[in-house]
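Okay, so subunit A shows up in both of these, paired with subunit B first and subunit C after.
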Partner chain A sequence: MTIDLSVFQAAFLEEAREHLATLERGLLALERNSSDEDTIHQVFRAAHSIKGAAGTLGFAGIAGFTHQLESVLDSVRECTFVLEKSDISTLLEATDQLRNLVDAVEDNRSIDSSSPKLAALVERIGSSSSPRGPQTPANETQMIGSRRLQLEIHPKRNFFAIGLDPILLFRDLEALGTLSDVTCDVTSIPRLSELEPTDCNISWKFRLETTAADQELQDVFLFVADDCEVRTTAIELAPSSPNSLELPAVARKGRPAAIESATLRVSSEKVDSLIDLVGELVIAQSVVLQLLGEQAVKRTPVMRDAIMSMKRNMQELQGRIMGIRMVPVATLFGRFSRIVRDTATLLNKSVTLEIEGQDTEIDKAVVERLADPITHLVRNALDHGLETDRERNVAGKLEPATIRLFAEHVAGGIVIEVSDNGRGLDATRIREKAEQQGLVRPGDSLTDEQVNALIFEPGFSTASEVSSLSGRGVGMDVVRSCVDALNGTITIGTKRGEGTTIRIRLPVTLAILDGLLLRVGLFTYVVPLLAVTEAFRPEPNAVCSVTGAGFVALLRDQALPLVDLGVQLHLADTPKNPCEALVVMVEADGRQVGLVVDALLGQSQVVVKSIETHYRRVDGVLGATILGDGQVAFIIDVAGLVRLAWSRSGATEAA
Partner chain B sequence: MAKSALIVDDSDVMRQVVGYTLREAGFEVTEAGDGKQALGKLDAGTYNLIITDLNMPVMDGVTFIGHARKHPLQRYTPILMLTTESQESKRQQGKAAGATAWMVKPFDPDRLMAVVAKVVR
Partner chain C sequence: MRHLGEFSHARRAEAHEERLETQYLSFPLGSERFAVEILRVQEIRPLCAIMPIPNAPVHIRGVINLRGIIVPVIDLRLRFGLMTNADPRFAIILVVNVQDKICGIIADAVPKVLAVSPSELAPAPDFGQRVDLSFVSGVFHRAQELVLLLDLDHLLSVELGRVCNDEIDLVAG
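Showing the complex of A and B:
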């Protein structure tokens, strides 16, 4: 039978990565408490499983490498070796290398699978007690001429009771040669009254003419060796199993069972197509309702009930299907214990990582795209946000340097915070720097908040310059564009000497959006509700026209730049008078802008359809959706508009 | 009648590979992710073969083998243990618990079926 095992590769990769995560998590836990038996077992089992599967699928490099890892962990498990901190580092590095090896399988590359450090560790432990390597026992085929053997088989009484079956022995022997003179000895069968029908009371004698090698013959009896006496004459057939002096290990005390839920692996495309379909259904449903007409429905109680039930179920269905995509942010936060540990070691800072709210669920697609920006923020906080141990001492800060990752659900979205209790941002110096770089002009009036937001500007500062400042800013513009792309917002809270918190607010999912429906001219547009702060009609005396920048509204003594959506979207040539229209205040990156629109139509959950995949990227537009009446509406890219408005008003203020 | 097999392994990949191989060979396959789950599947009928991993969470293979062997429906069922540990002690524990045969991982489908042929009629 030939079976192509490559079809299992994807499953292998996925599983191996899970085990790698367990391995890493476990090793980090062992660093804190090296004698935790549960963790040791988990870690061992992770390595063990990778090795087994890799060997079976023919990834010899991975199997061999993991074998070394496993043998170290085995010694730890058997308490013959105690892990030092440096050993854990070696094992963590080995885990990284193993991950590379696994990645290489996916990319069809071959990379070096040797690790001198790990090998040295294995050497130091003395691998005599470690499990045997993954290599399959060599099949020695010695060619021997035909020979005749006399065999006797005496099964023990319990032969059947462990699932053995003598007939199978004969079948195997027959395959090796010719059986003759088979006699069955039934003399040991007791009288019926004493017969225990489940016992084996018979034995056999026979001759075998065969060309098979000793090894092949021994293989026949491989599993019965302990439960059956086999005698061969004519040539000596070595007993296949030496008596073992090893005692069974003392049974371990029952450990509390790990909570494991049965899961089903489904490709994300399948889930995505379900989400699409249910989205279409929701739209179709509203079209049907609109066609029927509200009055008609209200007049017919039976129909009204049916429709209510359909609506409810549809909503439930949509929720449940969306739920499939949701994963706890723990999958994202989990990796940071390692990153913080390694980076802190590198920087020679002692840093504690606090994680809170890791059960908060978020769309898997969002989580995946958050990995890079959050990593960036954490690294920045470690490098620039936190002081060195000495600086902290000098400053009299008693609490340990801490990075805190936090997640929680808020209305319509999720908030993720990366905070440190380090030195905080220095607005004065950021401003200096920004002026040097021409991002702001001397004399521009900016609040501290606005100044701090400057670190998100592309081109603000570089690593070396920021390190010497008490700020940060390495590629923060990249972080912001990642968050923008996720339709989220990012803000900074900071206090000199006390620390910095970067707050990212995101929609729970990218597939559905709570939107505010607006009318501009004859068209309907959608603004993500998450970005909307308030809507108002300005008093005539609170609006002033600024040359080159359209209108600015004064709201609670703050100037709010206004963007006329009609002009912005090329629906009108001249901006309408904001006092005769409505202003919807939206916020992105801590800055506000008023969108001037004709009317508010209401609030609705819309299914986001990408324009990019069907057409191309359109500036100022996040995507499109189909409304209840079948009309297509564009979803406004608030972050883009806000930035545009501010760059314009900034230029004007200076003018 | 199709032969039936119960596969007990915490690794999806291993279950898939073993399951696929046995199905190709005409077995009807039931799967379980650990010993405890597998215990729940022993009442379903007498299996022609049980294949179990040894190192598993929740309930390990040796404990499972002990229970399975005592189960009235599986008293004579061949139980094949899969292990990467070729250590004699582990194998002895398995045998003492009632395992019929063992197989050292890694293996390819051919080798698996060769071993299966040694314990299943």
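Showing the complex of A and C:
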């Protein structure tokens, strides 16, 4: 039987990337403390795992390359080589190249897998302590004399099920020496009627005559250590060998069993379909309740109790399933130690990175889409936000230049902050630039906040020079549109000479949303609650028409521009009188806008469904949801809709 | 014997034709009759409330809830400019599945199943530039009526896939 290895490719890629992240994190930790044994082992294991998996799947380029990396790490592990700072840089570069190699596998490209720097490092360490993988014949390693060992292998029941194969162990062992007296213990195989064909019920005993060191033997079992018990006894000892050989499996026997099933790899589609299903269930539940009628339910205590418990369980179920998608922001923040290190070195600034609240959990889909905008913000802070070391000295700033990443849960969402203690935004300069670029007219009166928000306008840049990092004026607007697309908001806090904080507020998940249900014309729409500040009915004398183009409502001495939803959604041709309707005050792009609607219907948690699956993206609309009565309601993208409204009224002005 | 032989020959040709026959669902729209391949049709539903999509062309009537999936509904009557109103008592929605995109098409009445052999099919008549018949892949006659065969792939890729073109324009711009 031939197995199509390509089905494992996706799993390999994902795992390899995780190991690469471990590798990188470990190397960065070693840069600070090069003697931390745990980290060294962790880094070595990561490299070894990538090599092993790549070898199995036939990615020779990756396997060969990782082998070099591994040999360096191995000598570090054996304390025969001490890493210098420059070596760590070489290893980090090698990690990058490895990542490229892995990416190339995904895109089906082939790229050069040689690294002269890494090869030179391997050369320098010399061949005396090269690692022993299948590629390295056993006789190349240090000779410690021949010895005979009695080995027992007891694979766990799920050995086959998780894709392991004992024959590979035997092959590896054979490469180390001579196997003899191999006996197979089949006594624990149950009767045919009870036999589960995927279970492994066999164990082996054999003798091995070998010159290999303990470490080499341990390496053979490295992959199966958790899933197989290995007992080794020495029969005839070589003088230098220890009395008994402690193999990882034995050493780990004391570990609690729960860890073995600590994580489960499940494709995100499966989880998504569960979320969908629960969403349906919640809708079905509210349909049933509506059919029963509120009064009938209230009159029958038994019914009421049953419904209450159903509701509670349903909510719990929904919460738990949503929880599956949640990952700590650490997965996002983790990569920044590298980015900050590299960028700071490039800019010749000494920068410390502070990370806080990295256990805050957030939807994996959100995290993935945040990577680029946050990277951009961090780069910007490093490049523009922070002064050079000399400038800081001159300004008398004693504390080290710091980038701070911060995450925390707030009501209905999470907040992520990227802050620096650098020079802060210069409102005058931003204004100047914006006027040059025609973003504002010289006479316009703007508050500092509004001026600062200009940096999110497309095409805006204050950097006088374009560097390789930033200053091209693409970026902050992209950051804002990314955050918009995630249904979040972005604000800036800055103080001249003290630093800048960019604050992103996001919903915890994209799958469900706390919404305000409102009626416009005959239809129901949903506005994300996160965007809503308040709702009110304006007094007749508090609404003014502005040059016939639109209305503003006066609220606490502030003029609130009004957007008529009926007109925006093409349900009506003329705006209705705001005094006869309701105004929902929302925040969009950092400014307050009032949406004129017919009525508020209540607040509800809705399941967000994509309209793009079978239609296309609709401007001003985030998605759709299905209401309790089975009707479809659109979820309004407040920022998008307001932008659309402004651009439209701009167009009519021009015409 | 010769007679019998001829008969069986004719039968064989008939059977051959039958094997090549394709089944279509044919439905009326105003005074015209359209047909779609039966295998493209996933289900037929009564006309239900349709939620209008903001800023969509008129003939995209809106979206419906198809067991939890949000599905757009096209009114070909408006697309082809047939200026009569359907009787909502009889109108139905044909749910078609084209390249994994699901879409509803409003028809005036429950469709009929027609088996059509390739020899009956004729190319769409040519009206030059005057009439856009790019959505009609062929025509055939049935019961003194001309049935227009809809090219669903083309129709839906233009009506629902416009986003692709828009995006390309945006990128280019």
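Note that in this section the second predicted complex is superposed on the first by the 491 of 655 C-alpha atoms of A that agree within 3 Å, B and C clash if a C-alpha of one lies under 4 Å from a C-alpha of the other, contacts with A are read in each partner's own complex, and residues count from 1 in each chain.
Assume a residue touches a chain if its C-beta (ideal position, glycine included) is under 8 Å from a C-beta of that chain, and two chains touch if they have at least 3 such contacts.
Note that the coordinates shown come from a computational prediction; the quantities given were computed from them, not determined experimentally.
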Partner with the higher number of touched subunit A residues, subunit C or subunit B: B
Subunit B versus subunit C as contact partner of A:H570, first or second or both or neither: second
Which of subunit B and subunit C A:D619 touches, first, second, both or neither: second
Contacts of A:R45 with subunit B and subunit C, given as first, second, both or neither: first
Which superposed partner A:A53 touches (first subunit B, second subunit C, both, neither): first
First (subunit B), second (subunit C), both or neither touched by A:A633: second
Partner chain(s) touched by A:S445 [first = subunit B, second = subunit C, both, neither]: neither
Which of subunit B and subunit C A:L168 touches, first, second, both or neither: first
Which superposed partner A:I611 touches (first subunit B, second subunit C, both, neither): second
Residues of subunit A contacting subunit B in one complex and subunit C in the other: none
In the complex, subunit B residues that touch subunit A: 10-14, 16-17, 20-21, 24-25, 33-34, 36-37, 53, 55-59, 69, 75-79, 82, 84-89, 92-93, 95-96, 98-102, 104-111, 113, 117-121
Touching residues on subunit A, where the partner in the complex is subunit B: 1-3, 5, 8, 11-12, 15, 42, 44-45, 48-49, 51-58, 63, 70, 131-132, 134, 136-137, 160-165, 167-168, 172, 198, 220, 222-223, 226, 244, 246-249, 257-258, 260, 262, 265
Contact set on subunit A toward subunit C in their complex: 276, 279-280, 283, 523, 568-571, 609-621, 624, 626, 630-634
Subunit A-facing residues of subunit C, complex: 49, 51-56, 60, 62-65, 68-72, 101-103, 160-163
